[in-house]
């Protein structure tokens, strides 16, 4: 079976439990088990070859540009771990079938479990460190889901998050380390990396890479000072603890250290970091374990201690130590998984895991007692069990390394004995109690089968190590060391060695310690010590608070500051860019300053400053804006831009009218809110902004263009190619007609947005508020004065005529669809002002929505028309025609396009104003039914009395 | 002769614009300022026509026509606002 | 002449920025209107200045650069659409919330309530 | 002929400049808003009118074509100037004058701007 | 002449007015047309993507005017890719909107939506700098409408901020364009590239100013620190599906930076050199930090997602700021990924908020919602994608970015930033998910209540919405699973971007093929040349 | 029928003239096109001008125009004189009420406009029943005389034209 398939099987299988759970819990467990079994079989089929020393590979390209490929390989180390993962996995699946309660969603559990299993198998089979990283992070994720499986338990949630945070952090650090490693070697393939020990250790990046990778390993394997997450992950259901937190996931760190051992070990840095960490963890974990009353917590810290044990061995950097590490990995997996399951059984049966509430269970649960005791004795390192052998070999190695190391290792072993004995003594021995929360008895076979099998292994390996695991240890060690195996022997009796004495000291000391446990426990409980979880929680909480504080401080909705920062950024960056480049003074001849131009400039300067200075009187500031608009239009005329002048002046008036319509409902004055210093600051920002822009344009204006502008082409081609003499208009409707197309769409969208917004306003709280709205200043009588009405009657047709004129001449002289549209819109506005919106609207046949839509469609369809001539979109055509008695005239498709522009402009402006008018109507305004309020011709004596019509009776605008 | 006259007339209307500005800046009420703005528009129209004469082109004519139309509409709008608040009720 | 144009653009921009940095939406809208004037003239001026050389081929050559004028026309129209929307939006925000402050310090974290 | 035209044009221009200036000066000089209203509505119309006529003559004599589109602007200004003045006056009255300051209408109703329409009145009463 | 290049622009531009014209009172018809158009756009962009994969740069000369005198649309790998993700995302969003009835909560949703697509597609396809501005405005103004869809006080106030900030950005855009035109006399991007390479020395300082202002404009769109402030309030207060669509909006800024600063101002330009990368990189790093810290600090779901968008933009811009082919590959991959990740998160957020009643998106415990498990799964999947954990594409994207940054001078800073902020984001998202979906059970346990009653009747039957969410999520799976062909395409795309000569040649062929003096004395002959088919 | 096609014949004429003014030359083509527009535009705008008045007495119209034009010139000179040479304290401004005999809105508008354009007077408001005008005098010793002149010089002629 391909390695890729072995890794993929659990992932694919993860879909099964969810489906099979409908067929029952047994079916679900069977399906899950089958998947694992299948993968295990696939793996074992490779075993003979691996034992022969072959390396099995499977390679698929995934992201070659990154060097991340789906490459797998299987050697001894991989075989051991994959075997453990799948083998113990199988047992856990069996165990969990009986462990989980009816109310627990089993399908979900098995799915998560298989995900996790796949990730673990992936880690140990990866031949690409980036791929390995992926699986690595996947284990963090899937364990997050498994730890948090019991969602209602706060410990589960917090434990899951803590585990994710800590191991996630390590995993992320490891990314850095792996990337460095890959950079040094030039490949992310493990098989390549493993052959580049010299290059790696000679690189200046060796140490950072080492530290980063070890961070990943240490966090995953709960090494000091990252050991604290593991006990809290015990909130997970016991099968999870047994699987993840004893047998597999926590060993991923060990696996990686072992995997990298050939290239990373052997340096001082490796030794000091890894061995020291391992040693401290081993002792500390054992000490804490002794004082834990929760069975699972005890086992958890024991696991921490044993992981430290193995880490230390790997840290020694000697081949023999590596062999011992491998051996203990196997041993620990067997007895610790059995112990976890035992703890689970006790919890399941006695409904408590608290040692203080247990004791005397050997009478009630004899099978469990045997299993648990044998496993615990192995954990304590009592012969002839497998734990004894690896512990002996470890002590031997420690003794060779140095006196201090030996002493501390013995101390660790001593505490290990103590808590192991405590496990046996305080749970099973002693008198039977009558206050168990439930009536404990041995569970059914299904539940104890798995731990029993494991304990059988514990005993068998202890008795016949070479038969049982000799080959496995040799093959695995060979893979770890990556070279010749050292001399070692797996046996119970090594003769009288320092290790023997250390062992004896540990066992005796452990006994003594257990005897004095009561007093020690009180001392321990009384002693102040840092509670890792509290510190972690406080730290995360602090970070969260700090993050919230700083985020909310910076993003507090203070738009004024945002805009200030924006301005300053633009000015600073622009200035910096300027100073970094070569700047030659402009040599372009400047135009003379005429007195009228000076006057115009004075007007603009004064009016714009006055707008800013007097802005708190809102109406007045609009008047001042008008002055600016007027003068700029005048300036455009003076500087040869008649089209711009026309557009600017007409847009300006429509804008002002919009602003006036809005201002009606807004406060008429702005309160003075900013402090003088704030205003000064804003003035400074504004000043430098103005200086920057002014300086920039001055620099541009005073230099000649270094190239021929593309507009030379437009001037050349306007008449022959575009058929018009007003080059600006030809650019708008032809050369750059596509811009104009976008522009009218902007206008159309603006109107739609305004309309939609009005609808939303009228149906929301604003609509209710408007109903109760009263004008904030007294209104004069005479809404529609007679004089204006009459004048409009004459002027509107004239203005429409002007609009037609401006439209028709646009292609050849200043004008065009846009300006024409505005002129017509202004004419309509005049009518609306004169006789009121309702009266005018009632005489208006075309809907503005329709007008906008037709405008856009007309422009688009004109453009598309060119396709039928097999030309690109917006290709124009024109011709000259003559219908007597008129002169020859030109027709261009561009004019059709301009019709679209015209319609959109009129529709958009009017729809916007209509929307505002609807707001006014909601504010209690009456619709006029007569063109003028006072009509002396209407009644014989006295003016007509206009009748108010409620808003809802007048036609709504759509 | 025409050039001199044009020059003087330019000066007159330029000065007129400055006077309008003065009024705009110093007037007490908003109404006076709207009046000043309206006068400004009228003076601008004169300047535009004058510019057309001095440049010998009719290409700026439409601008002055539009100025007249727009100046009227905006002044009326301002006044309607002062009178009624809503300009197109 | 160039200096006059630069001064005008600079002053318009400065006044506009000052207004944009105010607390009330109306002032900000005024600022936006002013700055769109400034940027229109800026864009226009990027084709350099010329007096009485409108790009209308009925007049004799030479002509001023017509392209920036076309660009400004597009920009004016777009700015108009944008101004219309922002005015309306400011009004809507005022009518809905009762305040025309542009800063949202009080209810910054409030979710969209439907 | 040309010389005469030149004189005529120059004179018209100067006249218009004069009236334009006087109109704007009156705006500054006259004492209260209502009096100020008189200045520009009259003086400037003639100011612009002069330039327009000058332009027509100019084109007729020197441009060798009969230009009369200036009439369009004249028409426009004559049509709009009274309305503008009327509205400005109404605005001023509304903001600054009370019915006591004004003469009687001679009718049994007040001035439109001061009085408001019947509908308006009814609504105000309804609210009060 | 391939009219299909225009289709992503013209199709929505026709559909939108048609909707306004003929069916503005009929939501069902609107839905049918809007969905059909969007689906058609997906197909069209798939064809375009396939066409672009040959490596040929196709140019569409609008109005039959040759570049640089007229406006051209340019289809290369990058523009095809961007158009494709836009429309794919849009299809998911429009289905979600229909499924969740968001389109009936206000007016003109579908018309604005189509216009929005038109604007975005247009921005990606154009080869003209000023036209880019125009389409920026189209997409912005449509986005204003969508952002305030359905109204509400807070949303409208946030809308004002959004509009005002972007108006400021648009203004700066014009200042920048004016400066560039003033220095080069052209607007066509390819032509700009040619001319800038030959710029007189004395003009360099001003050109640098123009380039820098333009960069700031794009940085505003991309929401780069310190000009990102518009984003959190906007995204958090926009209707969630609209926010999902907006996931592509920041990418418009990123795209523009990529396009402009690899072709027009590449790092080997004499005038500008590495100026832009030097400024962009620290800003991108700061953006990543600000965004991810915000994820941790956010008090509401949508605000958290909004900050995650900022953070992802930061990472994206880090990759872009490298201005190397490797960096660009990473950037493109991460860009595609983060678009869908953000969109998926926003859609899930909407599902959550819809069901949580008065609790909305507050990150405080509330009773569990209807379909807690399913929605939790969707949330965690999207969150995994966003924070960049395997197996979804976020992790691959981050690996690509990290790997590409290897040789950069600020490598240590970049790596530290990306790695540390990933952790922060993981913690933040895990906290949020745990509060929303797990703590809910604790609330039930304590209160003894059932799931949130509000869910029962008020939540519409939204299988379609769920499907749409699922569809968008699955793109991240596909991105990951199909990384081989995708990164292959992106590798070619990056190569095309970093060697823009093909692009420039394709756009300016008319000029370069014609005699050198064709421009000066084109006279009457040129139209025949210029307008030939 | 004709009324349908030509709702405002005079307006059609005016618009045709406007068109010619806009074109700034007189040609057959121009006249024809102007006429077409002059017919079309009133068709669209007719609803906005209900109750169109009928004009009679063409000579009187011409006379009226000439009188007003002359008065405008005089007005300008007088006002200029007042502005330049009269001290502000010497100004005697006054409000006067001008009762109206005219009923047609168009006629009243023309009268009000004329008042504004001619010496020292501005039409400021109208009575709420439309039967009187409020006129402001810039500088007058005898308000009643002003009122009488308005009535005799302008209103009388307008009444002949309109009613």
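Read from first to last, the chains carry the letters A, B, C, D, E and F; within each, the first residue is number 1.
One rule holds in what follows: a contact is a pair of C-beta atoms (placed from the backbone, for glycine too) under 8 Å apart; a residue touches a chain by one contact, two chains touch by 3 or more.
Small disclaimer: the values here were computed from a predicted structure and weren't measured.
S.K.: In terms of touching chains, how many steps apart are chain B and chain D, taking the shortest path?
M.R.: The least step count works out to 1.
S.K.: Based on mean C-alpha positions, I'd like to know which chain lies farthest from chain F.
M.R.: Checked the centroid distances; the maximum from chain F is A.
S.K.: If I rank A-B and A-D by number of C-beta contact pairs, which comes first?
M.R.: Contact tally favours A-B.
S.K.: Need the CA-centroid distance for the pair chain E / chain F, whole Å please.
M.R.: Spacing between the chain centres: roughly 61 Å.
S.K.: Calculate how many whole Å lie between the centre of chain C and the centre of chain F, each centre taken as the average of the chain's C-alpha atoms.
M.R.: Spacing between the chain centres: roughly 40 Å.
S.K.: Indicate the whole-number Å distance between the mean C-alpha point of chain C and the mean C-alpha point of chain D.
M.R.: Centre separation, chain C to chain D: 32 Å.
S.K.: Where the CA atoms of chain A average out and where those of chain E average out, how many Å apart are those spots?
M.R.: Centres of chain A and chain E (C-alpha means) sit 15 Å apart.
S.K.: By residue number and range, which residues of chain E touch two or more other chains?
M.R.: Only 130, 134, 137, 141, 144-145, 148, 150-153, 156, 161, 164, 168, 175, 178-179, 181-182, 187, 233, 299 qualify.
S.K.: Can you list the residues of chain A that touch 2 or more other chains?
M.R.: 552, 555, 557, 559, 563, 567, 600, 622, 638, 642, 663, 693, 697, 700, 705, 709-711, 714, 735-736, 739, 742-743, 746, 749-750, 753, 757, 760-761, 764-766, 779-783, 785, 787-788, 791, 794, 798, 802, 813-814, 934, 942
S.K.: Counting only residues that touch at least 2 other chains, which ones in chain F make the list?
M.R.: Each of 18, 22-24, 112-113, 123, 125-126, 128-131 in chain F touches at least two other chains.
S.K.: Quick check on the complex: what are the chain C residues that touch chain A?
M.R.: For chain C paired with chain A, touching residues are 1-24, 26-31, 33-34, 37-38, 40-42, 44-58, 63-67, 69-74, 76-78, 80-85, 87-92, 94-96, 98, 100, 102-105, 107-109.
S.K.: In the complex of these two chains, what residues of chain C are touching chain B?
M.R.: Residues 52, 54, 56, 58-59 of chain C touch chain B in their complex.
S.K.: Can you check the complex and tell me which residues of chain A touch chain C?
M.R.: Residues of chain A touching chain C: 552, 555-560, 563-564, 567, 588, 590-594, 597-598, 600-601, 604-605, 608-609, 611-612, 615-616, 618, 621-622, 625, 628-629, 632, 635-636, 638-644, 647-648, 651, 654-655, 658-659, 662-663, 665-667, 670, 673-674, 682-683, 685-687, 689-691, 693-695, 697-698, 700-702, 704-705, 709-711, 714-715, 718-719, 725-728, 731-732, 735-736, 739-740, 742-744, 746-747, 749-751, 753-754, 757-758, 760-761, 764-766, 769-770, 812-814, 818, 905, 908, 912, 915-916, 919.
S.K.: Which chain C residues qualify as touching chain E in the complex?
M.R.: The contact residues of chain C facing chain E are 20, 25, 28, 32, 35-36, 39-40, 42-43, 45-48, 67-68, 71, 74-75, 78, 81-82, 85-86, 89-90, 92-93, 96-97, 102, 104, 107-114.
S.K.: Which of the residues in chain B come into contact with chain D in the complex?
M.R.: For this pair, the touching residues of chain B are 1-2, 4-6, 8-9, 11-13, 15-17, 19-20, 22-23, 29, 31-32, 34-36, 38-39, 42-43, 45-46, 49-50, 52-53, 56, 58, 61, 64-65, 68-69, 71-72, 75-76, 79-80, 82-83.
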